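Both complexes below contain chain A, partnered by chain B and then by chain C.
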Partner chain A sequence: MADATTATPGRAHARPGVAPTPPRRRFVPSYARRDQLTGYLFVAPQVLGIALFVLLPLGLIVWYSFHEWNVLAGTFRWVGLENFEKLVTDPKLAPVMEATAIFSIGLVVFNLALALLLAVLLNRKVRGMTFFRTVFFSPVVVSLVAWTIVWSFLLQDNGGINGILQLVGIDGPNWLREGPTAMASVIVVQVFKNVGLNMVLFLAALQGVPQEVQEAARMDGASDRQLFWRITVPLISPTILLTSIITIVGSLQVFAQIAVLTQGGPGISTTVLVYYLVQQAFDFHHFGYGSTLAILLFGIVLVLTIAQWQLRKRWVFYEN
Partner chain B sequence: MRTESTLRTAPVGARRNAGTDDTVAVTVPPEASAAARAGRPVGRRRPVGSPWRKVLFYGALSVLAVPFVFPTWWMFTSSLKPISEIFAFPPELWPSNPTLEGYVGAFTEQPFALQYWNSMYIAVLVTLGTMLFSSMAGYAFARIRFPGQDLLFLVVLTGLLIPSEVTIVPLFQLFNSWGMIDTHWPLILVTTFGAPSVLATFIMRQYFITLPVELEEAGRIDGLGRWRIYWSIALPLSRSALAAVAIFTFLNVWNLYLEPTVYLQTPELFTLPQALTRYTDAYGGEMWNIQLAAATLTALPVLIVFVFAAPWLLGGAVVGAVIWHLTWRRRWWLGALAGAALGAATGFFGMMP
Partner chain C sequence: MRSAKALSGLALGAVAALTLSACSGGGAAPDEDIELRMTVWTSNEDHLALFDSIADAYMEEHPEVTDVTFDPLPFEDYTSTVTTQIAGGQAPDLAWILENAAPDFVDSGALLPLDETLEADPDYGFDDLSESATALWHDDSGALVAYPFSTSPFVMFANDSLLAEAGLPSAAEMQAAGDWNWEGVSAAGSTVNAETGKAGFVIRDFDYTTWDNLASVWMGWGAAPWSADGATCTFDSPEMVEAFEFLHDAAFDAMSMPGPGTTADFFAGESAFTVTQISRASLLDGSFEFDLLSLPEGPVGEYSMVGQAGIGVMSSGAHAEAAAEFLAFFTNPENSQQLAQFFPPPRNSQLNVETLAATNPTLTPEQIENVVIPGIEIGVTRPSHTDSAEIGQEVRSSLDALWVEDADIAGTLADTCTAIDPLLG
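Let's turn to the complex of A and B:
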């Protein structure tokens, strides 16, 4: 166990009261004591930062959520559970949650399928694989807003994509201004941006599938398809779980893309929960209700994560 | 035992027993890897067979590559088009009348050079700060024993459980009460000490745990204090983990969007992602050529560095990429979970929390 190596060497000898110590030791702190102090000093910046910038705000959103707080009007008064009642009766919440669900599910399915496809294609010992990996990964390092702006430009009614479609005689839709295509566009832009990361994870997992198992299956007459679904997929299921958690929870935090591409529109068809939260708090200045939405978001993230880690026991094989 | 070369190729505490199967999951891709040179089995599928299949294979990959490459290409070429031709039909793959007016506009419409400097200095400062404070905390959690250590580590890990969007309202209020709205302080302080730095601390801790303790003992026998042991022995040994931390921290800060839009109001203080969205005319319509020129200037430097670093990043630093992934969208807490999961699956980390 690595932990054993972390014990401070020589600590037992330096502990006061254990080893016989000369009188002057009473005034000079022992090595262990000084070491403890060093430990506290080393972790102090991080621990204070977390206390101030994570724990305190977390307490504050609960406090705020019991208040009616309009920053512009300067009102701040205790309203009890009113914000939570507002949450339940908010006519916008249902469409917002629906948009959130569509976005998250669409994103996960498309992202994982494409990532796995790319990884399987690139997991070969032939020329050019590093080149293609670089290509598929490159959007990851392109500035998020820059990437989104280009796609916004491409998806304009008279933009590049409709231009290309027109060349082959198709009159493309106004992608970002019609409900269904707006949602699809946001999903697709986000997938192309980040699928390279899941691809790299899948590549690492695929290279971990023992060749002997594959050869044995092949010798038993397994087809390529059987090999993939019966051998490869179960063996990389821990990575599939990992990437799906990351992608789902990440999808709940997508803000910049929506702000740049659709501003939540048309109507509120692409207003996902995060966007709604920021809108309520900083555009409409309802800090109290914004905090209530933040609690909802936090709750969803927490529940999804716990659920998925519970699921792990059901469908992830061969985890050591 | 680890050697210098494994330190360089594996960023986050890879304990390699070359040739054994339990580490195959983290085997680096073939082209760039030391493992490949050492004759380890890589590339699990049979090579593509006949020439016909080869054409099909590379053809499919090339078609798939279009949506990944074309936008960047389109961003660059369109930024060179005059505004009158930017929506020209049929679409031009290379501008017939290239002009730099978009680039000129980027600097005249907004204080773009200043905004570039803001993004750059904040990203560098936060990266250096995170490398220092996270490695200090990580070192203490890994090596020094002090009462309440486990509790404090748990407290720090809560930073991974909370998406930054959740705490943005109270943080705004907090900095408002300190008079720090419309300054860079919130961006610097929260990213260096708050939730975004926790993954770095976690990774550094896991890495320090895998380092052999004997060198530090030797240092102590030579009379070095803790600070010197950390600074002169442990830190130089963890270059590769620090590099991974530096990369993902820089990219994360470089791409922050929600936080600057919430905290900053003065154009002179804007960061790049925020500035890019503000190139609009009096009616709120986008000035596309200017916007694309500014986007090109934002994206290109990182992209060029990436192209040169890609063999290393996508080869040796699989886990580095994992970390990027997790941090790219500020999914810090997932970083920890995923790091732990990946570690459990591959024996990658020395010890789980």
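Let's turn to the complex of A and C:
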């Protein structure tokens, strides 16, 4: 195949007294380059989507954080670092961050522990086990708001939970109206909603643990506990990493459950960062400060994800 | 190779289409083919059917308007949804506005002044609009910027069947005996709770969160959350402390009001009394004998509270003038008469037994004459303030400390003032 780019430039049409004009080069991409171009075009819609719906909003959030935007009056005023100064001096931010930390830690620990426990219990070849797996997974596919509304009825002072407790002579607390029980309730409702997903992932990981390794350990005299902690857990550590990242990031994005169950109360004891952010931006119309809080949330998620990713080499089995 | 080229072309086309669709939108507003959108918080089919019929009649007379959409938004997030739409450049042409958000909308200049448009038609009867009904909807220059299409008094519904079951006189008999006051209602509620296990009185939609509904009680003590100019918190006033002492006693000692986290639906027969607006009469299904009375007297005597809703034209809308013209038609005397079957009108000429009785078949003419009309005439609008959402949230979270058995009522109300003082100034 002739390649136009290899022709000698300027000779064929050179005339005395006239500066030689370079011949027009016809760009004919090589097969590999055309292949590359095709690839780029295939990923272009996705790249465009990310640019439009992820990168552009991220950029706008940063831009808005330097402004005060009065939506009703239609004013958009540059305020410099004012919103970041407010972030430092906001007396509510400390309790909000505390609530966020309690919620996230409680959710992650309870969720992962329960999911692993359920996976271990359901990882047996017993008749009817599929039914139980379906039962524990089914909340995952239920509408989040519907699930939360049902729980809000159950957790009322005269609701189903206290009704059951009364049958056994226990006077249950007013779950959603008292600080500690309100936070515990929100965590439990969220864990029961999503524990099935992590359970399925753990179940798949457990079924991937080689039988011969376990048998070898048993022959070496390992107890059930040693087998679990020394063999099973290290072998499923990549899944533990995956589920912990998903659960931590998810825990920092919880909004609907708080809005339906407690509206951030009592007081602000269940006002987590996302809920506070939405309140500031959309209820109080402080879009500038809301954007600053969004940057803070983005930073926290980023740092936690990077930290987990870096730490994986220390505790994830396949990363050594 | 050919297929690769074709696929490349296809992908390029998709990217171009996406880019074009992302970058398109907006443009100059045409004078014809005007499409109007009004955000509302009702999804009641009868309400929407009436709105549609009025809009159809308008479009017949005004061919330049090709569509009028009534866009129902959830009540709970109504104001924040509308403001989010405005922020996103998707402002409605017309919007219902709750009275607690009125100061924000009115003071910001977001609404188009309506006087000129409404006064232009001599048959509109602009002077017929009640002064008290429009008070909340005038801007600093005195211009009317929203039409108060619903001025609905808070009243007390009573379940006479439940009162009889508890061995108590009916609500009317209580009133005749001079016991129609909050102490009397609380005492009756306490008996109902003890005798039947059902609830006494319920401040509907309060649910220990929507605290401004409690104004229907504390106004009886002459209390208010802030001074008339909105600059000073008065939650810590002696009147307010007494009102909250009454409510706390009702919830935790007398057991005449359901406590926090406990629900009781009057219209399902679960409570003896409920404070709510007359529009809720449509929830009565005839399963028990009911009566409708004014709010019980407080220490300061008779009083009334009204809830209001206005319709405003968004000045940032693409068809603000056309929207104002449509609003003038939507609220003219004939259509106001039609709307009166669901929303008590702000027109003096229509605040009469004939109009309201014909359109509220559940209520007797006596109830309308003795309760509804006086309630509108002397009613004070529910509390409102600029930054109402932020103030409301501060008050709600402060008052949470009050809804426990051993609450420090005066201390909590003082804390509430500390929390909202910076926002009132």
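Things to note:
Here, the second predicted complex is superposed on the first by the 265 of 320 C-alpha atoms of A that agree within 3 Å, B and C clash if a C-alpha of one lies under 4 Å from a C-alpha of the other, contacts with A are read in each partner's own complex, and residues count from 1 in each chain.
Just so it is clear, contacts are C-beta pairs under 8 Å (C-beta built on N, C-alpha and C of every residue); 3 or more make two chains touch, one makes a residue touch a chain.
Keep in mind it's a predicted model, so treat the numbers as computed, not measured.
Within the superposed three-chain arrangement, the count of touched residues of chain A is higher for B, of the candidates chain B and chain C.
Applying the stated contact rule after C-alpha superposition, one finds that A:Asn70 touches chain C and leaves chain B untouched. Once the two complexes are overlaid on the shared chain, A:Ser223 sits clear of chain B and of chain C alike.
When the shared chain is aligned, chain C comes close enough to touch A:Trp175, but chain B does not.
In the superposition on chain A, A:Phe255 makes contact with chain B only, not with chain C. Comparing which residues of chain A touch chain B with which touch chain C, the overlap comprises 34-35, 38, 42, 45, 48-49, 52, 156, 158-159, 282, 287. The part of chain A that touches chain C in the complex is made up of residues 31, 34-35, 37-38, 41-42, 44-45, 48-49, 52, 69-74, 155-159, 174-178, 263-268, 279, 282-285, 287. Of all residues in chain A, only 1-3, 5-11, 34-36, 38-40, 42-43, 45-58, 60-61, 64, 118, 121-126, 128-130, 132-147, 149-154, 156, 158-160, 163-164, 166-167, 192, 194, 196-198, 200-201, 203-211, 214, 238-239, 241-242, 245-246, 249-250, 252-256, 259-260, 274, 277-278, 281-282, 287, 290-291, 294-295, 297-298, 301-302, 305, 309, 319-320 touch chain B in the complex they form. Note for the complex: chain C touches chain A at residues 1, 4-5, 7-8, 11-12, 14-15, 18-19, 22, 80, 83-84, 86-87, 104-105, 108-110, 208-209, 259-263, 316, 387, 389-390, 393, 396-398, 400-401, 403-404.
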